[in-house]
Structure formats: C-alpha cells, structure tokens
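Here chain A shows up in two complexes: once beside chain B, once beside chain C.
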Partner chain A sequence: MDAATIVRSVRLPRQPLLRHLPVALVAGAVLYVVTLRLSSYNVYQVGEIAAYIVALVGLSLLTGANGQISLGHGAFMAVGAYTMALLMNHTQSNFILELAAAAGVAAAAGLVLGLPATRLKGPYLAGMTLLFALAVPSVADKWPATFGGDQGLTTTVPTAPGSLSAEEWLTQIQIAVALVVMVLVANLLWSRFGRAFRAVRDDEIAASLAGIHVARTKVMAFAISAGCAGLGGALLSLSTGVVNTGEFPLTLSIQLLAAMVLGGTGTLIGMVWGGILLVYMPQWSTSLSSDFNLGAGANAYLATIIFGLVLIVAMIAAPNGIQGGLRWLWGHRPRPGGGGTAVPVPAPTVD
Partner chain B sequence: MRSRTARRIGAGLWARALVAGSLGLVLGVTLLPATADAASTPGVTSSSITIGATVPLTGPAAPGYDEIAPAMNAVFSYVNAHGGVYGRKINYQYLDDGYNPANTATLTRKLVLQNNIFADVGSLGTPTQSAVQGFLNAQKVPQLFIESGCNCWSNPKYPQSYGWQPPYTVDGKILGAYIKANFAGKKIGYLSQADEFGQDVVKGLDMQIPKASVVSRQTYDAATLAGPLSNQMAALKAAGAQVVVLATIPAATALAMLPAAVIGYFPQYVVDSVGADSPTVGPLLSSFAQKGGGTPAQVAAASGLLNGVITTAYFAPESDTANPWVQAEKNILQQYAPSLYAKSGLDGNTQYGVALAYTFVQALQKAGKNLTRQSLLNAINTSGRKFVTPGFVPLAYSSSVHFGFLGEEVVKLQSSAPPAVTPTGSWIGGVAVGPVQVTNAGPGPIKKYTGPTSVPPKNLSSSSSG
Partner chain C sequence: MSLFIDYTLNGIANGMIYATLALALVLIYRATKIINFAQGAAGMLTTFIAFSLLSRGLGYWWAFVLVLVIGFAMGAATERILIRPLHGRSELNPVIVTIGLLVVFEGLAGAIYGNASRGFPAAFSQAGLRVGNTTVAFSHFDVFILIAVLALMAGTLVLFRYTALGLRMRATAFSREIARLLGVRVGILLSLGWGLAGIAGSLAGLLVAPTRSFGPYYMDLILVYGFTAAVIGGLESPVGALVGGLIAGLCISYVGGYLGSGLEPLGALALLMVALMARPEGIFSRPPARRV
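Here is the complex of A and B:
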C-alpha cells in the first residue's frame, strides 16, 4: 500500500468537531516532532508562520466567507499585541488569559469598527479600515508613557518546561494556538453562523428574506476576524519580544491581504501557504536581488513588487490561490480505475 | 447529489493536505544535515571573526543611513588587508531590516542562531534595536555601538548593550546651555519629532532653558511626514519665536525651513545634529524646493537656509580638511570602498561608519588573542576610554556607563569653499562657536572639556601608501 493509497483511504466523520479535531491533533503531533528536529532559527520561523496564520485565518473568514474587505488587519494585530504586552507589564495575570484578552480587546475594536462597516461596501469599507491602520500607530506614538514609544513594550514568553529551548517552547505555543484557532474557525464556518456568513456574502436581500439579520452577521464576522488578528499580533510580538509601532506598519495590512489572496481566499489551509509567503517572501526577494546584483535601490521595493506581480498573475491564472490550484490538481489527479475523471472543482468555500 | 460529492471531496482535502504536508515536513527534516558543534566562542576561528548587523538599506530611513555599514566594511577590509586582528579576518554581515522591528527580530535571530555571529556591531535604530535588546542579552551576544542616541542602551539590566553616539538628551542639554547663554531674553520655540528622539532632545533643552522663555512647542509625526510642516512653522511665527530649535530628522529639517521661508519667517535655527548634516540636508532643501514648484532662484537659494544654523558636532566635520582624522577617513574610503566614496564621498554618515568600525577594531585588539565575548566586553569596560577616535572627547565606557561620547562642541554652519574631500558639492561647513563640553545623560552639570584630542595612528593615515 503506497502513501497515496493511505492518504486516499482516510475518510473523515461528518460531525464537525470529530472531523477537525483528529486532524488538528495529528498535525500538532507531527509539528511537535518537527520543532524538536529543526535548527533553532527554523523553529523560530515556523512559529512566526503560525502567528501569521492566526491573523490570516481571521482575514480569510471575513473576506472569503463574509465578503467584506479590510485593509486594517495589521492594526488589529497591533491592538492585540499591545493589549497582551500591557497586561504582561502591569499585572501578574495568567499567560492564557493575556492571550485571550488580546483576542477579546481586538474583537471589541473590530465590533466598533464593524458597526459603520455594515453600511459601507467595497472601496468605502477599504478606505475606512485603511484609516484605522494609519491611526493605531499614531495613537501609540502619542502616549509614549503608556505604550513605550519607539522602544515599545517588552513581551515575555513563559519559562520553557524541561529541556526545551526558548525557541522550541514559543513555537509550540504558537502552533498550538494556531491549531486551536483553525479548529474553532472551521467548526464555526460549518455551523449555522458560517452558513449565515456565506448567505450574506452571496446576496444580502436573499439572506434577510431567509431570516438572517444581515447587519448583525456582518458585525459578528468583523469582530471574530479582528479577534483572530489580535491573537495573531500577540503571538507575533512574542516572537519579536517587543511591541512597538514600527512593527505594524500600513504595509503589513496590505501584505496580509495579498498573502490571503495568494493562499486562497476563504480557505483555511490556504492560510498556511499565506503565512509561509509572509515569512519567506522578504528573504527570497533579498537573495534574488543580491544574486542578480540589483543593488539597494531595486532591493528597496522588490518584495512589494514581487508580491504585487504575483498577485496580478494569480488573479488572472489562479483566482483561488495556491490552495485553489492544489484542489484543482487533486480534482484532476489520475485515478486507479482509469484516466483523469473530471471531478467538479468545488467553489471556493470554506470547509 | 453532485454537490454533496463535491463538498465531501473538498472537505477531505482539509485533512489530506495536512497529513501530506506533515509527512513532507518530516521527510525534509530527517534529511537536514546535523548541525556542527559550535566552537568554544561562536563566530571566532583561528582565522576569522564573524560579526553581523541589521541596518536600513531600503525604505524611508535608508537615504544616508545606508552608507554607514558599507563605510564600516571599508575599515574591516583595510584591517583584513593588513593581516586582520591576531591573524583573524573580520567577516561583516549586514542585513537589511528596512527599519522595521519585526524584520530586525527575524534577521537578528538569523545572524545569531544560524550564522553564528560573535557580536552584533553597528546596528541602527531605536525601535529596531529595542526589539532585539532582550534577545541579544539573553543569548549573551554583545550588542555593540548601537547607532541611536536613546538613553536606553546604558542599562544595568542589559550588560551586553553599548551605545556609541551622544545620547539625544546630551545634545539637548548642550544646545540648551548655548541658547541660554547667547540668546538670553529671546523667545524660544521648539519643533520636535513626536517620539523618543524628539522627547529626549526636549528633555535636555528644558534642563537648561527657563520654561517661561519657551513660547511654543510644536511636534510632527515621523510616520506621516509627507509634506511641508507649514502649520507648525506658522504657529511658531505667530507665537513670535525668535529662536527655533528643531529636533528633526534631515527630511523634516528641510520640510520645516522651506514653508517658513515662504511666509517670510527667518528665525535663528538651532538644529539637533541628527537633522543638521549639511551634505544630507542641503540637497534635500533644493530638491523639495524644486518639487514644491519653486522658481530656479528660490531653488538655488534653498540650501542657503542652512547658513547660520547652530548645531553640535562630536567629531571634526568633513569640511575640516586639515584634520588628520578627516584625511584618514578619506584615505580608507577611497581605497577600500571606492564605489561608496564615488557616490557619497565623506559626509556625516560615512565618517560615522569609519569611526565606529575603528572603535570596534580597537576593542578586538585590546581583547587579545584568546577572544571571547566576555574578554571583548572587559576590554571595552576597562580600556574603552583610551581608544583613539575622531571624537572631540574620549569614549566614556566603564562597567557602569555604556554610553560612548558624552561631549560635543557647538558649531555654526557657514558657507565656505567646497571642501576638497567631498565630491558631492557640499559647501556649508561647521565652525566652532564654543568650547568642547562634556556632561552626562541625566541632570548632571555641563563642564568644559580640557583634555587632549586623540590623533589617528600613523598606519591609519598612511593607508593609501601601505
């Protein structure tokens, strides 16, 4: 029995929690072993990827399932990170509570920002969230006594148990949180709330005729999405060891959006690709630039240029992103019983 | 029926992708080469010393600051060409963090955990280096000569961290004392960057200048600095400020002076040294004036706004061509970084890089043949005050003080003939208007410095022949 047959023979139960939990547990166990084998630096990067995935999952839920756009998710990440750091510096609270508070405060900010969002669409919504992305760093700059100004606030990772290194322990925390968030969001999207999100995305009038409270659904999607971003921001600031305004520039919000589209808007697994892109793209572009000796001038915006170009190509060639492309390939794989039977490619829904 | 099938296949993929992906990862991991055992001191072999830094080579902070690391590397190339330090060649790896602390955090871990650097030397920026101060100290990696005037580098909590340039509060104190002594009775106004740089300068100013004589305090946000600071300058004019102190980055200096000139406001400017490097600010004034639609005559006159500006200097400016340090700096850059010299010549940034790198080389020499991280720090703590540098005052290092230069001279920028060392056409040089003074980053007194100024060793100044 080859690996492909084993993979094919996997059949999952239909009950959402029973479906998603075992998968998450297997992934968690595998990644746990992986973090013990990788070099410290690679482990650290896996942790960063996990942190970005949490934020991207939130964005994917908002845009993919609910059809709203946000250029302010970098700022929600900042809100979460500052919340956690403030609690760490001023209280003796529990680490899990601090993470929960990061998600909670960011979700509350999302709720407030989501209220006007119910009346705004497309470019107007993008504009409003863009304003938020610009405003948050300025607020932190205005009150340096509270937010630490340029230096920012330090974040501390709980002491690693046993013989684990600091990097391994942090990365395991980040992976665990990412898996929990993915399971929760997968379940949510499988539930009636997920169906309501999609119904509102597809046709607001039809949704309201079906008894769905459109405004409430949109605000809820915004709040949950912002909460995920806040949690992702908190996890990311654990990697950097500090929260300051330079860490969450406007370009972060835009790169999040691009990474989501490239990964596969609306999918959850696609956000893994998105996270990998966010961490590795700057490195690839720098080495590309130095390989071709393009000089600092070209290097300056190469990552952004490549992101933009890839995004344009992806929108034309593979609008469903990397994950959509993989699904298409899977749908067209050669079957043992003869030839590539065309299986209908599922629409880009969350599952 | 059809749609149900489709959904099940799509859903199954969720699982299969994870399983397959995990399998792939495991396979990849088992194939990874085993990491080699680290030598007793990371980054040090019998023939090499590997050090690293993160600096802005791209992005908004890059113009000017991207010259510093290549200028440092010129010194290391010079040292390597002369046999290295105890036979060890210096390998300097500087990476571009684009002035984004998140990048700094990642790249610094790459340098430490993957590239195994001995020390982090000459990394730039307050937000960026604050992000890795905890990590570098926890890893016991020296964080040397950080390119920032933050007061935060001299902190007993972080024994591995060392500043180099004067703290911004020292700038403020020395400028404040000059204003108090020379512009008594005049109305003073501030324009400062709304972050710690600006606040620290203002803190120093306020220690010296009586509160009552400050008629207006304006700020600007560096993150959103995009156009002329017209409102702030109009407010300063309306308040009747006769002396305006700018705690600004170079671009903001230009964006403050130009709109003021447009409304016919020409106060006595006092500019923190961060935003007063004339080879950097002069061209900015001209180009902003041009972009703003100025007439050719206005554009030509724009860089003249720097004439008469009061600022501070802690080493001889490039216009002082008779200074042996300036000649040595020129020699090294010309020979070991010819493309950088052709582009930037000798300016505040390239001079800074050469002087900083030379400080590090002396620390290596003093640390001796059996180089460890601790022996390096011991060398700085005990002998740092005796290192020869272009600084007007000796370095202040000790086990408790991790600041470099704590003394400066007040200078007035005046037009002069283009200095021969700078091909970029700088024509405004600094002329001392007061004695060299020393103080500390706290409320301590300002004293006149009477000690000697060091001269470069012979081999350094004659590098072009050797």
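Here is the complex of A and C:
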C-alpha cells in the first residue's frame, strides 16, 4: 500500500458539520500562526486572498452547483464595499453588523436582479449580469456627494487587540470570515438546498417534477452567491482602505470568472487557488513584462490578456481547473463517459 | 418639446447602431445558440485597425471596406478555432470563451494603442442638420448611419429569404443534423454566419467610434445595449433586432436625456429586465416547446 492509498482510506465523518468544522478549525489555527510569522506585506496579501476567496466561493456555488453564470460579481463586490464604507462613515455601528449588512444589501441586489427568474440561465443571465457590471460604477459616479466620486470613500480597520499589528488583525478577520463562509457554504451544498441546486442544474423539468420550485431555487442560489460577493467586496475594501469605482471595473468580474474556472468550478478548495491567482497574477505579469521589455503601456494590460487567454485555453483544454487536476492526481478519476466539462453537461436534449 | 425631439432623433441614430450589434448577435444566436460577448470588442479591434490604416494615409472608404473584410475573417476564424471544439458541451462554456476573447481583444488594444481616448474621423459632417431656422440633433453622419444600417438589414433579409445560400443557412440553424443529411456543408455555413456577424460588428464599431471617446472600452456599453435590443426582438429575428434596437435606442436616450447619462446603463438594465419578465421570448419569436 502506497502512501496515497493510506491517506485516501482515512474517511471524514459523514455528518456535514463534523466533517467541515474540524478542517476549518485546523486551517484557521495554522493560518493564525502563519500570519504572525509573515512580513507585513505578505500578511496583507494573505488577507486580500481571503477576501477574494469569499467572493469566489459565491461564484463557485452559483456556477458549479446551480449551473448559472454571472459576469457581474465584481459589481456585487462593489455593492458590498460601498455599503460597508457608507455605514462606517455615517454610523457608529458594530463591525460585524456592518459586514452582515454589506452581504445583505448585495444579496438583496441579487434578489432584484433575479426577478426575471425563469430566464436566469445561460446567455440571458450572462448578458444581464454584464449590464449590471457596467451599470453599478456609472451609478456610483452619478452621485459623487454620496459615493465620493473619483476619490471614493474611506474605510477603517477596527483597532487591533493586544500586540497585533493592524495588518495582522485585519488579515485574521478576513481569514476567519473566509473560513466561516466556506463551512457554511459547504454545509449548504451538503443539505437539501444543495441537492435542489444540483437537481435544477442538471434538469429543470425533472427537478420541478420532483417537487422543487425551480425559479425560487435559482433566485435563492443567485442571491446567496451575490451576498458572498458583497461580503468579499467589503473585506477587500478594508484591505485597500478606500472604495471607488475604479476598483470595480468590468475586468474584475471577468477576472473572478477566470479565477473560478482555473481554480476548479464547483469546488470550494479550488477557490483558494483562484484567490491566490487573483492576487499574484498582476505581480507575475509585471515581472514577465519587464523580462520581455514590453514597456509600461503593455504592462498594464498583460495581466488582462493572460487572464483572457487562460480562460479560453482552460475552457477548451482543461475545464476542470487546478482542483480538478489535483483530484485527478489524487486518484478521483472520473469513470469513462463521466465528467470532462467544467460545467457539468445536462443529458442531451432534443431541440 | 424641442428637447424631446432632439432626444428622439438621438435615440433613433443610436438605436440603429444598437440594431447593428443586435443583428450580429442574432446572426450568431440563430446559427449556433451562442451569444458572442466578444462581438463588441471585435468591432473595437477592427476599428483600431482602421485607425492605424487611416493614420498611414489610406483613404476612408478603402479602410472602411478593408475593415469589414477583416471583421468577416475574424468572425469566421473565431467560430472555426474557438467555438467549434465546444459543440455539444454545456451552454456556459461558449459564454466563458467569448468573454475570454472580449478580455483578450481589449487587452491587446490597450497594450498596443494605450488607454488614452482618441478621436475617430466621421465619414460625413457631425453638425446637426438645419430644418428651417432650427438645428436638429441629427447630422449628415446620422443619415449615413441610418442608410448603412438599413442597407445591411436589407442585405441580410435578401440573403436569408431569396438565395439558395440563405436557405442552406436557415436549414443549418434549424437543425444541423438534418441539414447535413441533406448535403449542406454545415461547418462552412457556421463559419459564414459568424463572418457575417463579424461584418455587422465591424460596421457598428466604425459607426460608433466618431460619436464617443474612442478607446479600448468604448464598445462595452454598445454591446450590452445591443444585447438588450436583441433580447427585446427575440434573439432569433433580424427584423426583431431592428425594432429592438429602436426601442432600446429611444428608451436609453430618454433616460440619458432626462435623468443624466450616468443612469443610461441602469435604464437599459431595467428595460432588459422588464422585457425578460413581460415577454421572455421577445416580440418576434414564438416560445420554444420544451421536450423532456
């Protein structure tokens, strides 16, 4: 018996909370120690990764489990970030409540966008969310007195307890929220609702025959996903310290999509790879363009081009992403005829 | 009242452009049931090619025709290289690939030409026409837009309705397998459909460029407005694209005129949602039967 077989033979408990909570607690403990060891810039980046993971988990739940697509999750992040900043600047409320409000307002926006529920699929939803991604920044620009215009609004990090530095404390908050969201989403996907999401994804007619309210299920998945994005945006705004429209362009929404596909659509652990890519890709592309002497003008766009190319190549050649590849190495090979697409294909239908 | 007339005229001119892009989306959707989200960016890229040609001294009309040909080639190549391998997979995969292409096109344009907004020359004067003693918000260039778009629409209709090639294309859109059994060379016709859409996209790019600040992202909003127009028209019908374009153009122009241009995208989003809720199949399509 080789090592991999032994590790594989260790079975996690079947009860969802018992299965997910210990993993999250161990990860949290390890990351807590790690944040105390890293340099302050690296700690800051880990925090950004955690913020992106929260948003990506929402997107992965939407696309992987429910088969819907969003090209507007960057805009939901903006909704969350602006909510957070507005509450911080105008009220003296509790930090946790502000985070919850950011998620809640973004989820409400998702609910409104989900009104044409029966058309929440494929190209219709893609086009609608694309329009949403373009509409949100222009709305924020329309009322500079409220949303701060180009300058944006500032956010403040809560005071750190004890000997922790501000970066360490912020990053620990971000990691804690990311772990809580991952456990909650993992449990949700394990529950009746998760099964309903997948049933609707695989075959809407069969799902409705099985007693699932298809439209309500889709809208719920969309709102939960938007709420995650809003929470991620609020967490990210704490890292940057400022919320303005330039931070949430259409390209952010598309980079989120690319990070999700690369990480492994539908997986939660894969979103960790996605978050790492989102934070480090700009750095890598900067060093790449200086290696090839591409000049400052090209440099700004290289990350975008790479994200786009990788998105296309991954979709055609490796639709299961990094986590899919790791699972394959680990031995979870799909049976012949199964798998092979990022977004699981429903049974062929007759037009 | 004169403001209302100006907004209406402006809405008609913009609506024709949205209709062009809607037509491009419809041509592709009919043939392959895919929305090409890179259509606007492709038009942007070909317009930048026109910009380069013009700055090297090529005449406007030569550049115009050349760029339409390039648009055709790009559309056909996209179908052959990127879209055909995805046939039979989930409908989300082509959405993601065309979005990837959108980003690549915008990144390329930004890397080569920079982020600065430029001016793009118009074929005709953009000063408003004079009717009696007043100047209306409709220029010679707007008249050209109207004629160019109507000519494109008419050409498409004639192609689909009165030629053997159009009949084959309709057969391919109706059912690939049956068309293939009848001896239609389906692959070439699919590429051709994407190529025609590429012409429409390039035309839209050339017509929009003089009217806004011309940079890598200037087609983003045009694409989503064109999408709104196509959905209003039903995604399957060229006539629907024209009517949808006019409806979208007028609504967006009124929203921009009376409430401020910053709210135009939000107005379009509201219009799209209302259209999807009130008549999800669009004005010119019948609801498809679903078979289990």
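What we mean here is this: the second predicted complex is superposed on the first by the 314 of 351 C-alpha atoms of A that agree within 3 Å, B and C clash if a C-alpha of one lies under 4 Å from a C-alpha of the other, contacts with A are read in each partner's own complex, and residues count from 1 in each chain.
Keep in mind that, in the parts below, a residue touches a chain if its C-beta (ideal position, glycine included) is under 8 Å from a C-beta of that chain, and two chains touch if they have at least 3 such contacts.
Owing to the predicted nature of the structure, the values given are computational and were not obtained by experimental measurement.
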First, second, both or neither for A:34, with chain B first and chain C second: first
Partner chain(s) touched by A:142 [first = chain B, second = chain C, both, neither]: both
Touching partner for A:312 - first (chain B), second (chain C), both, neither: second
First (chain B), second (chain C), both or neither touched by A:123: second
Chain B versus chain C as contact partner of A:131, first or second or both or neither: second
First, second, both or neither for A:240, with chain B first and chain C second: first
Contacts of A:167 with chain B and chain C, given as first, second, both or neither: first
Which superposed partner A:218 touches (first chain B, second chain C, both, neither): neither
On chain A, positions contacted by chain B and by chain C: 134, 138, 141-142, 300-301, 343-346, 349, 351
Complex interface listing, chain C residues touching chain A: 29, 34-35, 37, 82, 85-86, 88-93, 95-97, 99-104, 106-108, 110-112, 114-115, 175, 217, 220-221, 223-224, 227-228, 231, 260, 262-266, 268-269, 272-273, 276-277, 280, 288, 290-292
Sites on chain A touched by chain B in the complex: 3, 7-8, 10-12, 19-20, 23, 26-27, 30-31, 33-34, 37-41, 44-45, 48, 134, 137-138, 141-142, 144, 149-152, 154, 166-167, 186, 236, 239-242, 244-247, 249, 252, 268-269, 272, 279, 282, 286, 296, 299-301, 323, 326-327, 330-331, 343-346, 349, 351
In the complex with chain A, residue positions of chain B that touch it: 2, 5-7, 9-23, 25-26, 29-30, 32, 35, 57-59, 62, 66, 95-96, 99-106, 109-110, 113-114, 126-128, 130-132, 134-135, 138, 150, 152, 194-197, 199, 221, 223-224
Chain C-touching residues of chain A, taken from the complex the two chains share: 63, 67, 69, 71, 113, 115-116, 118-119, 121-124, 126-128, 130-132, 134-135, 138-139, 141-142, 205-206, 250-251, 254, 257-258, 261, 294, 297-298, 300-302, 304-305, 307-312, 315-316, 319, 341-346, 348-351
